[in-house]
């Protein structure tokens, strides 16, 4: 097996330069690559375009890059709950492209599967359709949407082996396996790094062929955005 | 959870009528729905169109339906190793549509994911491209291929729970999860049927929402087409 | 006049045994509290879960286990996790039987607006555009009139659209209406609400045929 | 003149550490026997496996574990199984570094024919059309001439095509040639084979520049 292990988050993000496009996994703060984001803050690369379902909160997740003025453009489906984001967007410092969540996911899938474009009914008849090709199949209109083109994808998995095979846990899976497939260079951070053969070959979500660099992250904070509980009776 | 269990293979194939289109999982004889095929032979439905990567061998798999003259048309990527198939095809009794294997798989995926068409470079410039729309993206030509439309999908899994969640084993996965997603009505036979909660929710390949009927098969023969071994030193 | 829980309770009567259901944020989430005993309904959360359970007990929150509203949740036996492409795949392929979501405006052709108010901070459509474009059955849970007393059931939406000609049924604090070729068709009145009150609160075309029964909750 | 194992051995010199490789049926399968010690090469089998191992020991065959040629095989530590859509997804997305397959004919523009002979029973293209359309590097392992002594390296294929302008390199019993704008470019001679022998066996345009070295095996 091919060894994809790098020593640290800082080593993993080598080659990420000003102006590049990054895909960043996670849904809200769930399943985000915390260690890699911290390394990007340390590195200080600027003018990034980030394709990510959300933009973090003010002081966590991609919010840390926003605080540090490292992001030029966000491509997301939902960017609420982030005052600094709102300020930068309204002041024109930050460019925002909003995309339906399923379209975002499927454009990642298209990249990973080598399909240049897909058809989806999401957004037909809305401002999202502006400038896009509309095509009717069997009486239904669909928008043609293109595969994403990004320099790097950065994802977070639960477990991974040294050859880059990844397993995700619960809903922290979300966009991670899709972006892992879509990156020209894919960086994976994992909570637990194991040797090849220690993951069930039937249970791997992302085959290592899609992953170029892997490292075991540390000190995961896993912040909860909406802590909702019920009382014990 | 919703209970999808039916009593037998014969009960599972209820509603399959003459002239219908069926997707049948498996690659060669690996991962084929043996019990359901036997039930189709017993039922004797005729003029079937079968979408399946292969056509079995003379006396096993879909070959049993061919022997019994139940198939009008095969949609496959490879149909070698079947003398009865060859005889029926050359005599004009059997219609055959050959499709590149990746196109076959992706047309199933398209159905399962509600995408009316996909683009693939496979077959560009060959006779497979005949009559199809060719479209250039970023300097490469692609064929537009349509999602499959079938009445039933019949798949074989290793384990399944009563709500239809499926887990496949090794390379018997192949087309099974794709066809499971693509069927208007999906029938799954499993080697072991368990209660909801007994399968790892992170390790399920096909969510039960795609499966309409499930039953535990019996007496799996699992015939091997090419028994290749090496000597112990 | 119904409160939010009343709207949710009325919508729960639209559930059928064996349904897979996607519940939006707000009133739709409350519908989960009124699933009839013994009825098997599976909740889909578009961030990658089939079989959403109730909120966790305090101290048992799992940061890796949230719903599309980013709330901590639990699973039920038979739950399954998947990625976002498969999640919207099953939505797009119409495997989800019923989608219940909120709206700012609905037109009498079934258009819906629920994601953007010009001049205000736009948070994004999330999965709403995918859900409304693909759902085989959409019920909207909403207030009949806004805080200024203006109808939200309109001849045409004034806000940017989320989807066109997709809403099938609307449940409000005043009424249940279906979207038909002829406009909003009044089906039921909320307890104590008159047909005239509903007429006055509805700006879009309203079809009233025969006696309009009061809702059974 | 090389035998089949010789061709496979020569092709094995094209492997690089860290490559993901798809091997077709026939001579390409033999390449697996010549992977240099210590080189990490991962074999992809398009029926849904990364990390194909050797054939099983007798008695250890697993009917659920086969390769694309339907042969019983084994896995290696770190192997992973996936469905056919993901398998061809990774092929289409050019994640497989090298594809080695057989051919009936190759043209001097890189067209390949390897799936159909008119008048004979057509078995189907299997995954060949996907592989040749998408591979970032394709090496063809084939005989230079057919049993009748006719060249299979042609100005244009006579058989139905599998793919167009896709073959990069060809290894035969006589030679190694690259497909270039100017036609087949002769790179190496098989041991004991002269340039003239190769010329005589090649019907397509053949570019010969300088001294042509003998293969190192």
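Lettered A, B, C and D in written order, each chain numbered from 1.
To be clear about the criterion, a residue touches a chain if its C-beta (ideal position, glycine included) is under 8 Å from a C-beta of that chain, and two chains touch if they have at least 3 such contacts.
As the structure is a prediction and not an experimental result, all values here were calculated from the model.
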item: Set of chains adjacent to subunit A and to subunit D; value: B
item: Chain whose average C-alpha position is farthest from subunit C's own; value: D
item: Averaged-CA centre spacing for the pair subunit D and subunit C, given as whole angstrom; value: 56
item: Centre-of-Cα separation between subunit D and subunit B, whole angstrom; value: 28
item: Whole-Å separation of chain centres (CA-atom averages), subunit A against subunit B; value: 33
item: Where subunit C touches two or more other chains, by residue; value: 75, 81-82, 85, 88-89, 91-92, 134
item: Multi-chain contact sites of subunit B, meaning residues that touch two or more partners; value: 106, 113, 115, 120, 168-170, 173, 201-202
item: Chain-level touch network, classified as line, ring, star, complete or other; value: other
item: All pairs of touching chains, each written as two labels joined by a dash; value: A-B, A-C, A-D, B-C, B-D
item: Residues of subunit A that touch subunit C when the two form their complex; value: 27-31, 53, 76-80, 86, 89-90, 96, 98, 100-106, 108-109, 120-128, 158, 168-178, 205, 222-232
item: Touching residues on subunit B, where the partner in the complex is subunit A; value: 106, 113, 115-120, 137-138, 140, 142, 146, 167-170, 173, 200-203
item: Partner subunit B, residues of subunit C touching it in the complex; value: 17-18, 20, 40, 42, 44, 50-51, 75-82, 85-86, 88-96, 134
item: In the complex, subunit B residues that touch subunit C; value: 1-3, 111-115, 161-163, 165, 181, 195-197, 199, 201-202, 204, 207-210
item: Subunit A-touching residues of subunit C, taken from the complex the two chains share; value: 45-49, 54-67, 69-73, 75, 81-85, 87-89, 91-92, 111, 121-130, 133-134, 160-165
